[in-house]
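Encoded as structure tokens, the structure appears first; notes follow it.
Naming follows writing order (A, B, C and D), and every chain is counted from residue 1.
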Amino acid sequence: MTQLPLHYFLALAALLFATGAVGFLIRRNLLVMLMSIELMLNGVNLTLVAFNRIRPANHAGHIFTFFIIAIAAAEAAVGLALVLAFFRLRGSVRADEATLLKH
Amino acid sequence: MTDSVFVALAPILVVAFGGLGLMLTEVLSRRPAREGNHESGPSSDLALGTFVTMATGAVVALSLWLVGPENLAGAKAALPFLVVDRFTLFFEGLLCLGAALTALMAGGYLPEHKLDRGEFYPLLTFSTVGAMVLAASGDLLSLFIGLETMSLGVYAMVGFRRGSLRSTEGAIKYFLLGSFAAALLLYGGALLYGVTGKTDLAGIAVALKTTAGADLGLVLVAMVLILAGLAFKISAVPFHMWTPDAYEGAPTPATSFMAVAVKSAAFALVLRVLIGVFGDAESMSWATGWPPVLALLAALTMTVANLIAGRQESVKRMLAYSSIAHAGYILVGVVAMIEPGNDAQASVLFYLLAYTVTTAGAFAALVLCGSRGKEAVSYEDLAGLAKRHPALALAFTLFLFSLAGAPPTAGFFGKLYIVRAGLGAGLNTLTVLLLLNSVIAAYYYLRVMVFMYMREPAPGAVVAVPMRSGYVTSALVLSAVLVLLLGLWPATSLHVALDAAMANR
Amino acid sequence: MKSFEALFFALSALLTVGGAVATIGSRRPIRSAMGLLVTILGICGCYLLLGAELLATVQLIVYAGAVVVLFIFVVMLLGPAAVSGTDKASAIPRYVGATVFGVGALGAGVLMRQLASERLTSTKLVKLPDGFGGIEAVGRELFTTYVIPFELTGALLLVAVVGAMAVARGKQADPTRPNAPVNPHLADPHLADSDPSDAQSAINVKAPTGEPSSAATAANAAKPPTGEPSSAATAAKPPTGEPISAASAANAANAAKPGDGH
Amino acid sequence: MNDLSAIGMLVPALIAAAIAAMLPRKAHPKHRLALATSTAALIVAIGWLWPAPLPARDAALPPEWPHLLNLLIGLPIASGLALLLVPTSLARLVRGATYAVFAVCFIASLALLSVPMTAGWHFQFIAPWIEAAGIRWHVAVDGISVWLVILTTFTTPIAAYASFGSIRTRQKELAAAFLILQGTMIGAFVALDLFVFYVFWELMLVPMFLMIGIWGGAEKIKASVKFFLFTMTGSVLMLAAMVYLVWTYHALTGQWSFDYLALSRVVLPDQQAPVAMTAQFLCWFAFSLAFFIKVPMWPFHTWLPDAHVQAPTGGSVILAAVMLKLGTYAYLRFSMGLFPYRSALLAGNLGAFAIMGGILYGALCAWKQDDVKRLVAYSSVAHLGFVMLGLFGATPSGIEGSILQMINHGIATGALFLLVGVLYDRRHTREVSEFGGLAKVMPVYATLFVIVTLASIGVPGTNGFVGEFMIIVGTFVSRRLNQFGPLEAIAAAFGVILSAVYMLGVVQKIFFGPLTNPKNKGLKDITVRESVALAPLVVVIFVLGLFPNLVLNRITPAVSAFAAQYVKSFTDSPEHPTAARLLPKSFFSEAFMTGAPDHNAKATSESPTLAARAPAAGVLPAGLSARADDPALAAAAAVRAARPQDPARPARPQDLIRPQDLAQPVRLQDPARPSDPARPSDPARPSDPARPSDAARGNDGAHR
């Protein structure tokens, strides 16, 4: 399909991954942290699909992505369940409210 | 018969179908209305069922070991996703052992702490399946699926006490950092795929050897990401922040499972990746590869974790930090793999075995110390244990000595073996650091003994009311016997570890 | 053609990055979720450019259709409580860490051109076979070569379902009263599983409005009849969320069993 | 002297019995009878033990029961563990069983004396244990350790007996602790496999830790933890050195072994400088540090006063009488035995340490103590300084004196701790200022105290004199202490005077002068139980003081052989070993090497010295790793370099390693398993016909 050089996509994916990582590290809202992880996983997916572009002999990257999407959905389900449980006890979704366990 | 792929994957299948059976049992069994009766809770049959499932899994793994995985023609069909070799079988047995001990512990703990809900056992079983897949995986894809299966189950187990803020908080922290680490690992894996065009570990290794020169930068980035992700998973300092919180918040059987099975699986992952992917001479050399990074991590992990552990006031949290420190000791063995022909990898495997039985035993003892919905967590809770329950105190002492690495216990032999590997690889400073660290560790283990033997219990302390559970007691006895057995006659298990290590090189 | 592709890529990249920044930047989680949706759309565009038609569809259906909707659902459920205030002062080390990480990763992204050799970045010579990335090609591979991981995913999803259920089952929080979380002891006797030591630290947990007597009954029902006076064990589970000292509870239990101890 | 007729034996026995019967002032005749009988029996036993002349070399030696040592180790440990299972209510049964086991052990240990103690190992027992790691259960006694074993079986029952009198709580655990302690201490004395030694060395900490921590004084927990951690710090470093030594042995022979005899053949590289970071220095230091902490030598002694003061009387007795001896014994056996070159090199400096830090500093510290028990503890530091001085001097007479002094110190200090315990039981204080004029109310006690004090000072006629005298003489003539020998002998003699000053000072303050403190007016004199515990010790003080040959006769052959071998090992070989090498078995006497594992140097060598020197002479294959310039690792590096480090480097023809060496531990190689091509574990096989015949001339010339 495309004739665009691959590093466009790779750079975009890296940027996405980095954005997700930054969001994960600076935000304290549990929901946003979860979404940041989704961003990171999307960055990974884009990398895989992009690399599959130059190796069309099989669909290893595509299928890897496929599975990562499934994993991400499962992870989101468990994560949101935990967030709900946390909210139910604490009345908040702020990670820095999680201070009960300290040294 | 041996050409069927189902035979080769039998241990995983046994555990997985056992888990399904357990779920069905839980759903179909009619229980009298919840009277709070210990005998009628889900644990009453599920704990034993899980134990039997895990024991069967271990026995199947053992029989495959005896048959010899190279004789299993069917194993090829699972390649490259699942590798059936002695390394895999060793870990399958080890993980089944850890999970079996956890199941026994849960059988006593959950009813006692009014957590007796049936989901725990399927979670435990399927986490174990994930861990076994992780240990068996020869491909990045199955590796991540195994990792996530294991992790998702464990997150839920940590947050199992959903009415408790501690438990949920621990689970949240563990979940967030675990997912973050998984994302790092995945990105590293994606870059490796990009460089090599392969996702199976062997293929990546071969491709790296032949063509990687041009893309050294990418490979290095991938290596760094993967190392960081692995460090999270084995909770090496400075990636350890989640460990104490998750360990403390989780119900004790879940803590034990994390400390033994998850850690073993994480080290299986480390060995698979470091040897399988970055096992070439260049990556393994002191100057250009991962050994110095891991050596630094090991030194930091041991020292920092031990220093913090000494300051803890909660035994459970102390055990959490101590388990971080043990990860540091094991890392010394991993670094020692730079010396080919050295049985460093076998020492890591043996240490994991010794560590599994010891830690499971220590947590089982801790479970027994608590009662009536209150866990024994602080040192004070253990005061005077030796007077009230001398046998329990003796068993706890045995496990503490094993953790401290005092003879004639499993922990001692494990440490000796790692020290031998470390010195053989010329890591003199690191090895001496390990040994000095074990002195620091001895300090806080001794503290537990001081409280058990030399302090009088406060009136009304938890130990005053014993918890009685045949399940936990049998877990305790089983691990105590294994600790002594591995300490006094380790020859067989040494051979087993060696054979397992030979398979992964 | 090329310019159209470049334009399409630019649009997709803009959506992706803009959505990502909105996700991590906005104060309201609902906007974050919308940002995530935009990112996913942008990535779909990239997938299309890269010839991954099936994945683009799956991305749209699973991510946009399931995951983002799940997020939005939870955000709605939590209501105003989902909004986080400004971050606290303790955030400085995190910012430092994030900056270091961000700069490093961004550098890696920018340097991708330098890092990756021509072999990896040039798509000029690669001809995609017919049907590449289509449902048939991918599906065939998925169910032949990748059948084992596919089966393993079953375990993954199962564990996720059971796990989510184990953690979150129970009475839902009342979204209209974010600061009065439901006390599980009252709501559901099955949930009488908090540990009493929590009670002292969980300051936010307000005393429930329910009738104490019913709570006591509930806790009583869950108590194991081991031949002790029921009051001892009941006291160990303060149904009102009040910090009853655990020592006194255990003391009572101890007193009930004179033969033990001492 | 060597041969006493039956009547000659009976006379002193009867006299002693009469004295013993008359000693207690107001005792029941039954008690008097018991005291008299036991004393007489002891004397008869001593007579029976009188050493017979060594038999002619070809005379048939009496048979040695090989399981005797296993019994001595196993019985107390097993019965100690078994006692833990007995219900607490059966306290009498527990005590009775404990005494019975101790009696069996003591009698069994006397059987060690039934054979003539020729040089070499006796009652040797070897069984495979963990073969993959080269660990064997190897126990034996020689003239050096035999008396220490007997000292253990002799003093532990006394300590236990005294403890049961004063400690009433948790007697079951106490009995178990004493029994396990005895078994592990004997195990450490007789172990000839370093692994076994280490196991016992660590294990013995546990009962002692519990004993101090459970039954100790006010600061017991701090003292017990300090005791444990100090000792453990030393021992983990020792473990590292042990493993290093084992690795070197493996590099030289291709076999694993933890055996003391096998490892004695290893000579680690070293330089002639007091402090050089060579392998031998570091290993010697790691071993010796563990032992110095245990002894304890200044500046590692700080745990000792705390432990002694806080420990219960029985614990103090064991600690002083036996456990400290493990440090001195192990220094002699392991530091000097395994690293003769290094320990000889540093002997002069260490002698100064023993004098200044041990004898003089210990004495001065003891002098200014107010607490009697603390005073005795510091006097231990001083006395063990003597012992160490004798070992550093390494003359036969010095070593013999040291061993004798170990026993003397065990007896005298053990008795002192018992006596202090008596005082403490009465008044619950040990402050010197609280007492005065006690001789008036407790005459028997005062007499015993003075006797033991004299023994501790080393007055002629008591046992202390002989040992100290021999050590000072040995120091004076020692060549190991450089030119300082005479000086140090004089300083040591000055230490004797100091000890008289502080010991007699405290005796004067406690027992003589006016009876000022009214609380002391009604103090009871020594009870029967206490005198039964003390009597054997007092008897032994005189027996050893008058007939030291009783002990020395059995020590001498072993010590002469040891000293000869010690000197030989750094005179018959090059002064600066620059690479690790293996001495041939023939270097050692046959008696010493009995039972050593039969491993040969890897490069089959007619002259191992040559083979070992070759690397130093620059014949090492080129391309050694960077570590090769460190002579400490040169030998191991030589082996390592010969091994294929990575696939990139082709196996060189001069590789010295046979494939069976590469399959690291002894394990069955699965022939079906294909070797990974990426990581060749089998380099060019030596049997390869294509291999040039002269290519083997790597560093071992015509070997192979």
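Basically, a contact is a pair of C-beta atoms (placed from the backbone, for glycine too) under 8 Å apart; a residue touches a chain by one contact, two chains touch by 3 or more.
This structure is a prediction, so every number in the text was calculated from the model and none was measured.
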Self-check item: Chain nearest the overall C-alpha centroid of the shown protein atoms
Solution: B
Quiz item: Would you say A-B or A-C is joined by more C-beta pairs in contact?
Solution: A-C
Quiz item: Distance from the CA centroid of chain A to that of chain C, rounded to the nearest Å?
Solution: 11
Quiz item: So, what's the distance in Å between the C-alpha centres of chain B and chain A?
Solution: 26
Quiz prompt | chain A-chain D separation of Cα centroids, rounded to whole Å | solution = 63
Quiz item: Quick one: chain B and chain C, Cα centre-to-centre, how many Å?
Solution: 24
Quiz item: For chain B, what residues touch not just one other chain but two or more?
Solution: 141, 145, 148, 152, 155-156, 159, 162-166, 168, 171, 194
Quiz prompt | Of all residues in chain D, the ones touching two or more other chains | solution = none
Self-check item: Shared-contact residues (touching 2 or more other chains) in chain C
Solution: 108, 116, 120, 146, 149, 153, 156, 159-160, 163-165, 167-168, 170, 184, 198, 201-202, 205
Self-check item: Inter-chain touch pairs (all)
Solution: A-B, A-C, B-C, B-D
Self-check item: Of all residues in chain C, those that touch chain A in their complex
Solution: 1-2, 5-6, 9, 13, 16-17, 20-21, 23-24, 29, 32-33, 35-36, 39-40, 43, 46-47, 49-52, 54-55, 58-59, 62-63, 66-67, 70-71, 74-75, 77-78, 81-85, 87-88, 90-91, 94-95, 97-98, 101-102, 104-106, 108-110, 112-113, 116, 120-124, 126-129, 132-133, 137-138, 141-142, 145-146, 149, 153, 156-157, 159-161, 163-165, 167-168, 170, 172-173, 178-182, 184, 198, 201-202, 204-205
Exercise. Flag every residue of chain C that touches chain B in the complex, lowest number first.
Key: 108, 111, 114-117, 119-120, 146, 148-149, 152-153, 155-156, 158-160, 162-170, 184-185, 189-198, 201-202, 205, 221-225, 233, 236-237, 246-251, 253-254, 257, 260-261
Self-check item: Contact footprint of chain C on chain B as seen in their complex
Solution: 16, 23, 34-38, 78, 81-82, 111, 113-115, 117, 119-120, 122-123, 126-127, 129-130, 133, 139, 141-142, 145-146, 148-149, 152-153, 155-157, 159-166, 168, 171, 194-195, 214-215, 217-218, 221, 371-375, 377, 388, 458-462, 464-466
Quiz prompt | Touching residues (chain side chain B, partner chain A) in the complex | solution = 140-141, 144-145, 148, 152, 155-156, 159, 162-166, 168-173, 175-176, 179-180, 183, 186-187, 189-191, 193-194, 197-199, 244-245, 248-249, 308, 311-312
Quiz prompt | chain B partner contacts - residues on chain A that touch it in the complex | solution = 10, 17, 20-21, 24, 30, 33-34, 37, 40-41, 43-44, 47-48, 50-51, 55, 60-61, 63-64, 67-68, 71, 74-75, 78-79, 81-83, 85-86, 89-90, 95, 98, 100-101, 103
